Every structure is written in C-alpha cells, then in structure tokens.
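Handing you a structure now.
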Amino acid sequence: MSIMIPLIVFSLVIALVVRFMKTQKAFAFTVRLGAAGVIVLSIVYAVCNFNNVVTFDLSNYEWIKYPVLALELLITGYIVFRGISSKKFLVAIFATLQFGLIAWFELTQENNITVKNDIYIDKISLLMILIIGVVGGLICLYSVEYMKAYHHHHPEFEDRRGFFFSVLFLFTAAMFGLVMFNNMTLMLFCWEITSLSSFLLIGYTKTDEAVNNAFTALVVNVFGGLCFTIGIVILGMHSHVLDFNSLMNLSNNNTVVMLAVLLIAVGGLTKSAQMPFSKWLLGAMVAPTPSSAILHSSTMVKAGVYLIIRLAPLLGSNAPGYTVAFVGGITFMYGAFMAISQRDAKKILAFSTISNLGLIVTCASLNTPEALWAAIMLIVFHAISKALLFLTVGSTEHQIGSRDVESMDGLVNVSKAVSMCLIIGIAGMFIAPFGMLISKWAAIKALIDSGNIIILLIVAFGSTVTMFFWTKWLGKIIANAHNKKKIDNTLRFDEKASLFSLSAMVVIVCAGHPLISKYIITPYIQNNMGINFSSPIDPVATTIIIAMMCVLFILPLIFVPLYHAHKEKPSSIYMSGENTGDDESFHGSLGQVQSVELQNWYMQGIFKEVKWCSWASAIVLVVGLLSIVGGFFL
Amino acid sequence: MNMIKKSPWILHYDGSSCNGCDIEVLACLTPLYDVERFGIINTGNPKHADILLITVSVNEQNIPVVKQLYDQMPNPKAVVAVGICAATGGIFKECYNVMGGIDKVIPVDVYVPGCAARPESIIEGVVKALGVLESKRKANEE
Amino acid sequence: MGNRTIVPFGPQHPVLPEPIHLDLVLEDETVIEAIPSIGFVHRGLEKLVEKKDFQQYVYVAERICGICSFMHGMGYCMAVENVMDLKLPDRAEFLRTIWAELSRIHSHLLWLGLLADAVGFESLFMHCWRLREEILDLFDMTTGGRVIFSVCKVGGVRKDIDAEKLKKIVEVLSNMDSSLRSITKIFLSDTSIISRMSGVGVLSPEEAFDLGAVGPMARASGIVVDDRLLGYGAYPHVKFEVQTATEGDCYARTKVRINEIFESISIIKQCVSLMPSDTAIDVPVKGNPDGEYFARLEQPRGEVVYYVKGNGTKFLDRMRVRTPTFANLPPLLHTLKGVDLADVPVLVLTIDPCISCTER
Amino acid sequence: MSFFQMAKTVLSSMFKKPATLNYPVKPREYDPIVRGHIEIEIEKCIFCGMCQRKCPTGAIKVERAEKRWAIEPFDCIQCNNCAESCPKDCLHMHNTATPANENRDLIRDARISVDAEDNKDS
Amino acid sequence: MQNFKIIGKDDLLSVATQMKYDHYRLAQISCTKKDKLDLVYSFVKDYDLENIRIELEFDEEIESISGIYSYAFLYENEIKELFGVKIMRISLDFNGTFYKIKKTESKNGEVAQNG
Amino acid sequence: MNTVLFVIIKILIIVIAAPIVGGLLSGVDRKLSAKMQRRKGPPILQPFYDVIKLFQKETTTVNNFTRFYVAISLFFTIFTVVLFCLGMDLLLCVFSFTLACMFFVIAGYSSYSPFSFIGTERELIQIMCYEPMILIAAFGYYEAAGTFSIGGVFGLSSPVILKLPLIFIGLTYILTIKLRKSPFDLSMSHHGHQEIVKGITTELTGSSLAMVEITHWYETIFSLGFVYIFFAYNTTASKIIAAVICLVVYFLEILIDNTFARVKWQSALKYSWIITLITGALNLLYFNFFH
C-alpha cells in the first residue's frame, strides 16, 4: 500500500498540475518529470515487490466508497450531460442505468459482503504495472514534442495541450488502480475513468468526426461498463463475492455465476474491442497519436484482456469459455483480414491491435497453462511493439507529412532512425525470432493440446494474412525509391529517447523472454493453477530462436566488408526499355514522361470492411447466443 | 571452368522489322530446333541475358530502347543481328523512318543474313556469338 | 508515391512479341486505364512506292509482315491487277488460295501457341509450334521460303505447285488432322485454360460494331463478316462456312480461330481437287497502272484494305494498307479496362495483334 | 470442362522420339527449291545490268565497264527476281544460306574467288 | 471500277452521320498528298464499299469524325501526323506523337511529312 | 566433443548435399519437361552450368540492399533445411522458412521496379496461399506424431500418412506453389514468358540471381522433406519407400507443370484456401474426434 500511493498520487498530481500550464516550457518540464517519475516509480515498485504478493485490505476504510460513488456520480453526470447535449441518448441511458445500479448495490446490498484483499498485486499485476509505467511513461515523454509539432502542423485545432497531458496522466493513474484492485467495484471505478479518458482524448480536436467517434467509443465502453456492473451485482447478490480471488474459488458449474462471468467478460470484450464491438477502436484513431498509442493499443485495451485473464480460471471448457475463445478467434481473423485493405498506417495498427487482442482473448479464455502463458507473453510483446509502432507512425507523419503507407516508400532514405524503429516494430509483430511469433507458437501448442481445431484453423489463416499486410508495409519502407532528396531529420530528443528505448525493449524483451517466463509468468501460472509448469517453448528451440536473432543482427555486419570488396556495377531498373535514365520515370504514352508509381495491393474488393464486419458480427452473435442458450439452458 | 558457353541466355528484341525473323527466332525455341539443348533460354529480360538477339532495323523511337536494353545487360555480352533488316535495314533501308542496321546504335558481334533468316542460320549465328562471348570474357579478365 | 501502379508494358516485353507500349495503370492488379503508344515498328513503307516500281513493290508489300506476308503480296497484286484490268488464269487463283489458306493455318497455329504461352502453358505452346512446322515445311517445299514466299507477282504467281506436291499437301494436312484435333481440344475444353479465357474481355456485338472490329474478333462477337465471301481468288469455287461465335470473349475468339483452321484445311483440299489442269500461272503485264482501287481481302486477322493509285508511270502515286490489327486496336483498348494484369497478355493476344502490319 | 486434358499428349510425348532435328550436329539437307543465296556463273554474264535494275533492294552492283558483278549478301532478300530476269540465265538461287558473319560489309565480288574473299573478311 | 463520291469538307459530318445511321462501318481514312490533300473515307456495309473523297488545301482545317465513329481517332491521328492534315477536335489527340516519326526541320520550318 | 564434431560434419553434409540433389532434380525436371514437349532438352547438369555461369558473370545492382536481402534469404533457407534434416522442431522450421521467404520478398520490394514489385506482391499472395496449409500440416503432424520434432518420426510405429491422408493431398497441392510450378508460377516463372517479365527476380543479375536459384534448390529439398516425413517411420524400408514417393510426387509436379495454364492470383488464393480448408480442416477435425 505504502508504495502504491506514490504511483497513483504522483500521476494524479502531475495530471492536476499540468492542466493549468500554458507554455511549451512548462509542459516540457512537467510532462518529462511526470514521465520519468512514472517510469522510475513503477520500476522501483516492481523491483521492491518482486518476490512478494502485495495485498491490502480496505475494510477499515469503509468510507472510501462514498467519495468513489460521488466521483462516479460526477462522471456519470458529465457523461449524461454531454450525451444529452449532443443528442446521444444511448450513452446517457447506459450511464444512468449503470450508476443507478451500482449506487443501489453499494448503498443497500453491499454490506453483507466481505471483501478480502481489496488490493492484490501479484506477478501479473506487477507486469501490467511495469507495462503501464514504462511503456506509458515513454509514450508520455514522447508526446511532449509530438503535441507541439501536432499543433504546429494543425493550426486549425484549438491548442488544449494542458488538458491533453492532464487526461493522459489521469488515465495512467486510473490504469495503475485498475490492475491493483482486487475489489471489483473499485476496479469498475477505474474502468470508468479509463473509458472517460478515452472519450475525452478521442474528442480532443473537437471536429465533428472526432466527437462522433468519441461518442461511439463511449457508448460501447459504457455498455461494457454496464455489463460489468450487472455482472458484479449478480455475483454480489448471488454468491456474495466481490473480488477476483474469491471468484476463482467459485464453481464453474453454477449457471448464475457463469452468467455473471460472461457479462463481466463482455465488459472485457468491449474494452478490448472484440467483435462485434470493435468499431470504436477504429474511430479512436482520430485522436492524436500518443493517445492512440497509450490508450488504444498498449494499455487501456489491455485492461479488457487483463480482466479476462483474471476471469480465466472460470472460463475454459464451458459455454462462456468457448464463446469468448470463439469471439477472440473470429476477431483475430477479422482484424487481420481487414488490415489488408487499409492504407492508413494508424488504421492498420488499429486493426492489427484488434486482431492481436483477439488472439490474447482466445488464449486467455482457454484456461490452460500454455495458453495463459501465451496470452501474457502476447500482452507484453504487443504492448511494446505496438507502442513503438504508433509512436513511429506519429514521427513518420511529422517527417513526411502523411501516414499513408503508400507515401512511405523509401522512408529509409528520408530518415534512418524512424525507419529503423518502424522496421523493428513491424518485425516485432510477426517475424520469426521476434516476440509475437514466440507467443503465437505457444498459443498454437495450447490450441492443439486443448483440441480447439476451429480456432486453430482460424489462427493458421489469420497469421498468414497478418504476414501479408505487415510485409507489404515493410516493403514500402525499405523500398529504395531512388529518392535522392533527403528531408531533414527533425526528430527531437524526447522522441528519439522514447523511440529508441522502445525499440531496444522490443529486442531485449524478445531475447530475454525466457527470463520473463521464468520469473514472472511461470510462477504466476503455478500459483494460480497450482500445477507444475514450465515454458512451453523448449530450451533448444529458445536457443535456436536467440541464435536466429543474433544472426539477424550480425549478418548485416558480416556483409559490410563484403560490400566494400565487391563493388557491383550500378544499373538502371528495367522498364521495358523506356527508362528515362533516372529510375524515377519512363517515357509513357502520348509523349509524356510518366513517373514510376507503385502501389501495394489492398484487395478492397475482397476485403470490404462493411461486408466482413457484418458477417463477423453476425457469426459472433449467433455463436454467442447459441452457446449461451446451449450452455445455460440445456 | 567457364560456363558461359554452356548456358547462353538470350534476350530477343524485335524492333521495326516485319515479323519474319522474329517468328523464326521463336521457332528456334520450339521442338524442331530446340536451342535449349545448348542451354539457351529466352529470358525476356536484359538483366539475365548474355546474348541480345535483335531482329530490327531501327527507327528513331527504337534507338533509346535498344541502347538501354544493351546497357542493362551485364558483361560479358554479345549482340547478334538477325536478318538483313538488322544488318543494313534491308528492304526498308530507303524508308523515311528507318535509320538502317542495328550497328548504328550498338556494336554488333555477329550478323545473320537472310530475309527471313532461317532457324539454322540463327543457331549458327548464336553459336558464333558464343565464341565472341568467350573471347570477351577473357578480355574482361585481363 | 504510390496512389496507383503504373506499369510500362513494352516495347521490350516477353509477352509482346512485337514492340508496342502500353501505360497500364493498375489498382491492385486490375487495369483501370491502358494508354497505347505505338510507332516502334513504323517504317513508312507506304512511301516506298515512290522509289520501287510497282513490280518490285510486291516484295516490299509482303514484308509488311512476316506472318501474314503472303496475303499482303496477294492483296497488293489484286489491287494493281484491278487497276490494270488483268484477269488471272484460274490456276493462279487456285494457287494463291491454297497458299493463302495455308498461311491462315500457319498464322492461327502460331497464334494458338502464343496464346498458350500467354496463359502460361509452355508445353502446349511447344506442341502448337511443332505442328506449325509441318505447315512451314509445306511452304519450304512449294515456295522455297519458310515465312516469306515471294511467289506472288502482278499478273499471277511465280511458281507452280506440281501434282505431286499438291498430293503431298493434302497428305500432310490429313495426317495432321488427329494431332491438330487433340491439341485444339485442349484449348476448348481444358478447365485451366477456360478459366483464363471465358468471360475475359467480352465484346458485345454492338460494341464490336461501334468500335469497328473486324475478322475473328468481330466474328467471335457474332458479326458475320468475312471478306472471302466477296469472291476473290478461288473462293467462289469452294464451299466454306464463316465461323462465328456469340460470347464475344477470349474463349469465343479462340473457338472461331480453331474452327477456321479446319475450315481452311477443307478449303485447301477442295482447291486441290478442283485445281484446273491448264498450266498458265500468269498473264503478261503490259503498261503501267493508271487509276485507283480498293482491294479487300480476308487476312488471318481480318479484313485488310489495299488502296493503290497509279498515274500511268512505273511508280505508283499512293499505296495504302489498312490492316486488321489497326481496326482491332480500339476494341482491344476498350476491353482492356477492368481486366487483371494477368489477363492483359491473353486479351492482347486474342485480337492476334500484329504491330508490324498496323504501323507499316 | 476437364482437368488433365493435356496429360495424354504430354505423357505419350514422353515415349515418342523427340521431334528435334539436332541441327547443327546433323547438318540440314535443304530441298533444291529453297532460296538460300544467289550464285553467278560469271563466265556467262554479259554485264547487262538487268539484275541490278530488277533487284528490289539494290543488292547487286554491275559495272559494265570494269566487267564487275558483285552482290552484298546482307542486302539480298532472296527474292529470286534477278535470276528470273537475267537474259543469260547465269544467276542461280542456291539452297544454302550465306553463313552468319561477324562483318556485314561482305561483298561477294564475282571476280574474286569466294574462299579467298571469306578469308579477307574475317 | 469503284466510285468515289466527292463532297465538300463541310458535308463530312453529315455524311458520316448518315453512314453511321445506315449501319456502315468505317473501313479506313487515307490521304494522298499531291498538289492538294486528297482524303478518302471508306465505309463498308456487309460487302458494299462507299468511298467519300474530300479535297483540301494544305492549310485547310477539317472536323474530326471521331465523335461519330469513335475509332476514327486512330486514322485521324495517323494522317494528321504523316501528312500534316489539320484535323480539329479529335477525341484522343496524340498531337504528333502517334508514330513519333523522326522530324527533320526543313528550311521554312515546315515539318517534313510523308506526302 | 565427439558429438559436436559429429553434428558439425552432419551439418556440412546437409549444406553441401542438399543443393546438389536439388540441382539434379531441377535438371531432371527440365529434361523431363522437354521430353513431354517432344524436345531433346538440355543436359541434366544444365542447372549447375547456369548457376556457375551466373557466378562468373558481372553482377549489376539497382541498389545496395537487394543482394544482401537475397543472401539473407538464402542463409535462412539453408538454416531451415539444416534444422529440418537435423530433425528439429517442425514449427520452428516453418517459421524460419517463412523468415527466409520474407527476406526474398523484401529483396523484391527493395528494387522498386514495376515488374519486380508486382512479382513481389504476387509472391506475398502465394505465401498467403500456401502458408495455412503448411501450418496445418505441421499441426496435423503434431497431432499424429505427438511431437513437433521431426526426428520423432523415426520412432513411430506407423507412418503419419495413415492418420493424415487428406492433409497429405492438400500438401501436395500446395507444394506446386512452393516449387514454383505452373499453374502457380505467378510471382516468377522458370519459363520465359510472363506478363511480369521475371517477376521478383527481374532486377537480379549474376551472383544474386544465382543465389535465388540455389535458394530454390534448397526449397525443393525442404518441400520434398515435408513429403518424406509423411511416409517414413521406424523401419528402414519405409525410408526407402518415402524417398521413392518423394520422387513420384516430384514427377507429379512436373506433370502438373506441363498440363496446366497459369492461374490468376484470385483463383490461386481461392482454390488454395478451399483445398486447405477441406483437406486440413476435415482431417484435423476427424482426427481430433476419433483419437
């Protein structure tokens, strides 16, 4: 407890302070301080508590629920107000319902429930804290310069940086809370704050599109919150359980409990943008990039899967387990398929986030040790790589003025640094020795062992498709576009610091994954499941993977002397004999000189967003309903 | 061991000629003449080719094309001019849009006569070109 | 910056035997625009009439194109003969018809091979060209040249085919029949080929008319045009059917041409049996052409128009050819839009393009 | 519609003798009618110049005064027009082609023996 | 002998429209350059050939019929480039880049043409 | 110490023998194809002549990276084949193989030339076509053999094929793509004429092209290795039979190569996935249900 307070309080203080700042200098100072503080504190915290599970009981602080309720009232009030004034009544209704329910429950029903360990920080919470602290901190650090440039490039938007940073830190504080609380009502409170922050940041630019998308996100998240609340209320009233630890001890044969679990899981699914709720995450991409990075890929959406991991012991081979796993599987495939037809880098990232979250959800809900291992590994790798990718896309946008993948050809020529980071980030997402693939490997093993053939097939197809869209992006970056002009590299120190640290983390975490596995994940699984368990990737394979990694970094170095020794004759590219001589254009028809343009394939005819979205939603809904009907009532 | 004689890949360009020689070049690839016996492949890509089989008399427009194709071929390379069009412009040499033989643009190593050149003559020309390639390679090495 | 892909297709390109350039604007692999650029084969040989006398010019005319070379010579001669009011001996007409139809077979077989190649079917290409060699051997045997025959002249033909050789021709054609049928059957019934051809590049009859398609291209769209019905050469004496199809796609064009091969074989056989036994193969040519005439005849690729205008001297005023490919270019450009890049070679080939004819 | 339409042709081809002529290992025999290159019986020639006038490409040069008859093989299209128009019938189309050469300015001058001239050119 | 109907250049469009209406196909457009430009438009219906002749001075302009026969643009570009016939409003005008023939400037700045 | 030495020698043998066998196979392929086309065809050793010639030729480049990516691709292909022949984890082989393919694709992208670019896109589509089936084959193998380890196959008492007949059919189908045979030689073709010229290798010359060719030989071995493990088990006879079946499959591929037109990418993708789904899914489901 003692040290948890600094983490949250520190973030809150920064959030408060930065709200009233006006000048770039002040922002720079406070945000840097805040970021550094968050990073350092979370690491210190993790190191200090590495070997013990921190628990804390709030039973002596009964009063705490009143300020919490008051704050929730405030939030609800705000949401209802915004909803009504923008004619988004659904939001208002959901929010009101939710608040009414939780208030009724807490004020009248909660008394007879005892919560043991309101705060319970085990290995996985620790891991989440590290991710939130380090990755989140780096993102905050990055955003200082980014936001400056952002407003420089977009003079049409009102400069509300104070507000922006403030929400960012508020969110960080909420996230810390979210992963620490064992008590579901308190967790729900943090959950709401994250939804609200997301809403505020998506609507940051106040354009119509932004506001609309913000509301879409809010509707979905509040709906998720509502489901969560209902789940909590059911659990509380039926089983007198309000914390995850006790929840785990419940039998998973009880229909009512399982219904509640399913509802909570739905909360998780909304937050992690699973089908059919994924639409909001795409809309969220209108927000400034750092907020997309932190909220919509690295941390907030992870809250959803975190929740499902917490629920995992009750899932598995039962109706909610299958449903959630299936939803995850479908989302995995849907996200991957949709990413093919996108050319906006952020959209690709968004779809790929959706897709990866799907895989995590699937793994988490299988409730086998290997699957859990894979899920947690995926969270780690994904958080780092995606944060890196988002930030790099942000920088790229500022360097070349566009985040269209097609305009990234020859990015290597423009900025070595940015493209290196981009390459590492992309490689981290799918190429062999890198992290995501390791986890996928474990996931595959888990899927086979648990006999989930359908999902296995989905994974086989989904992974393939994933590879397609990443590779073509990668191809664009490294394409030597014969681009002689070099744009000045305008990367600032903060940007560089966070980009490089994240890149390094991608590599280090990947090479060091056996350690993470050994010291964090395996103990967690052993504790939780009470079984003896070791990493699903056997040591020989790990060695080979690390060897591949080394080779990947050493080979280029070997080639350097070879290059100096063997000078190839440069040659122009083949253009059927019509080259004008500069490799950039050819003599075209009508006597004109055409410049070479190469566009990747998007197959928009096949991978139509609307079509697939409705199909995937329909499948998910039908399967969900069937399994609920089948699982609960038959 | 030098392999260029055992695997000469050809590029075929057909400029301002009638198709006579062109189809005879193609005929060389077909079962009756089957130049793949000698490892000859019609690559269709200057960057892979060793021998440029050219059946054109050039006009203004073809000049840069032919030059470029020739430049893009890696050394050692040889040029075989097939048909009298490619040699001198043949029957078209008095046309206003014909510049004459291909040697106006790039150096030619072997000329194959005939209008149209017979596949046998073309094979003969290619075989001669192999000798040229060989000596060019030697010259390169020195 | 890639907002679309622009591919410089040609002049040197392995699927285009001849130099022509297309700017193909692609989205994914779909062609959204195809703009041609020609002129690589333009020699300007129409103007050569001013330098070669009208007798010599036959050799230039047949070198407009090496594939349909015989009928170029024949068309030119027909035009001049009409200007000069020459009536050829029957045997010459029959001989011309035999050679013309053999040329058609050779051209269609060559084309079938190229088509096979365009759909990526190398072994089929080889088999088609192997069969074609048998026709070329017939040329070699009767004219002394494999692709350029130099047998036409104003006023008749320069070489006779004796009875023995005529028998040989019929024999060879009859022997070819079975292998020809088995090869062409592959084109018409193999799933993998059909999947590449049917439904690709559909040209409706209205479009075919509006865009001025001629020859097999028009016939595949259900338009009955065949200049052989005009009754030049020995065609009035033989029976043949104009081959048409209705689908208007690449498959239909293939079908039409394949049927034409068999039709030609039957025409040749009829010619051989109807061949008059008198031995005159030419008429003496006196004087110089004066006047103008449009001769039209059916090339393998469709209608060719020969226009000559003489002024009473050895040298003609004007000679003009309008070749079938020239007329078939607009339909090609029209159908290219919206197909896949992989269809481009197939589509380009099914008009059976001959650029050297087109640009002269 | 059927798959493997081609298989029959292809498989049976495997057991047939290849159609390849094996040129140049086995030299090609040409039909006498084949148009390869023009040869002259110079003794018969009266240098009338008819062939030069009839030749569509101007491959033949006849100089009456010097009694010189020469042909540029790389200009000749083997049309046989000269042979047909020669009053003395001294031009003949031979059925073998002029060999490929590294030099195109090859002039077959009838006054010089063919072998000697080949040596000179290469 | 074939007959050639001589019309004035202003009648071209109406004649062409009529031909199209009668379902004639444009077989070719040709030009002969002597002391005048001699344009011949040939139309074909089944096996019937109609020739329309127009005589033009060198600097006279003439309307394109590519609006009526869309594929006429090829012929028109051809004669425009080779003979310097001033054809106006061709639907797709290559502006002298159709054959891209070698242009030798003569003394009076005129481009050497086919005719 | 001895075992280390032994492993090193083994690796050396694999690295040297694989391309020799691969090259010979491709020579046989060319000879047989020629026979099928009633030609005499090139000598069996022709692929080696070609590759040696390419090494002897000048290498031109359009930029400094392409060659390097090709080399890495070759390296990882060799790596894969070594892993495979040493009996390592099958899934790992598949992953490292994919990495190799990826580098090849990157090489294609880096040249930024229209034809090579389109070839690259098609190559990616091709990978998309065959990857699911290869993954599923690996999954099936795991279910049937109880391990991902390739070496494990020699401890089985019955061949894997008995349990995975459908997957084997699907795999043979997909190998056509991997061996770059018609109808699936979309991205680059061994035959001369294609709408995208030489596709992905358009810009490669000399030694770079030679490396691609060698990569292909290794790939052939890897692909046939996949066939091999379906038939081999713990008897010696089975190993011979498996080797013979590899040859039969290779012959079949040549036959298919010569009897099909090239398909378009849409059909390639559609049919590959349908076949993958039918064979892979049915077989896996069946297996899972009854075992």
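Miscellaneous remarks
Which chain is which? They are A, B, C, D, E and F, in the order written, and residues in each are numbered from 1.
Quick note on the criterion: contacts are C-beta pairs under 8 Å (C-beta built on N, C-alpha and C of every residue); 3 or more make two chains touch, one makes a residue touch a chain.
Source: prediction; values computed, not measured.
By number of C-beta pairs in contact, chains A-F lead all other pairings. Centroid distances from chain A, each centroid being the mean of CA atoms, peak for D. Taking the mean of each chain's C-alpha atoms, the chain closest to the overall C-alpha centroid is F. Rounded to a whole number, the gap between the C-alpha centres of chain E and chain F is 59 angstrom. Averaged C-alpha coordinates give centres for chain A and chain C that are 65 Å from one another. Chain D and chain F have Cα centroids separated by 50 Å. Taking each chain's centre as the average of its CA atoms, chain A and chain F sit 36 Å apart. Each of the following residues of chain D touches two or more other chains: 5-6, 10, 13, 18-20, 56, 77-78. Chain contacts: chain F has residues 34, 36-41, 58-60, 114-115, 117, 121, 192-194, 197, 202-203, 205, 258-260 touching two or more partner chains.
With touch defined as above, residues shared between interfaces to two or more other chains in chain C number as follows: 5-6, 8, 11-15, 26, 29, 37, 39, 42, 44, 47, 59-60, 63, 121, 123-124, 126-127, 130, 133, 145, 148, 190, 192. For chain C in complex with chain F, the residues that touch the partner chain are 5-8, 13-15, 26, 29, 116-124, 126-127, 130, 190, 192-193, 195-196, 340-345. Chain A contributes residues 569, 571-572, 574, 577-579, 587 to its touches with chain B in the complex.
On the chain A side of its complex with chain F, the touching residues are 409-410, 431-433, 437, 441, 444-445, 448, 451, 453, 456-457, 460-461, 463-465, 467-468, 471-472, 474-476, 478-482, 538, 540-541, 544-545, 548, 551-552, 555-556, 559, 563, 566, 568-576, 583, 596, 598, 600-601.
Taken together, the chain C residues at the contact with chain E in this complex read 37-39, 42, 44, 46-47, 209-212, 225, 227, 229-230, 291-294, 296, 303, 305, 307, 309, 317-318, 320, 322, 326-327, 329-330, 359. The part of chain C that touches chain B in the complex is made up of residues 11-15, 17-19, 39-45, 47-48, 51, 59-60, 63-67, 69, 110, 113, 125-127, 129-130, 133, 136, 145-148, 354, 356.
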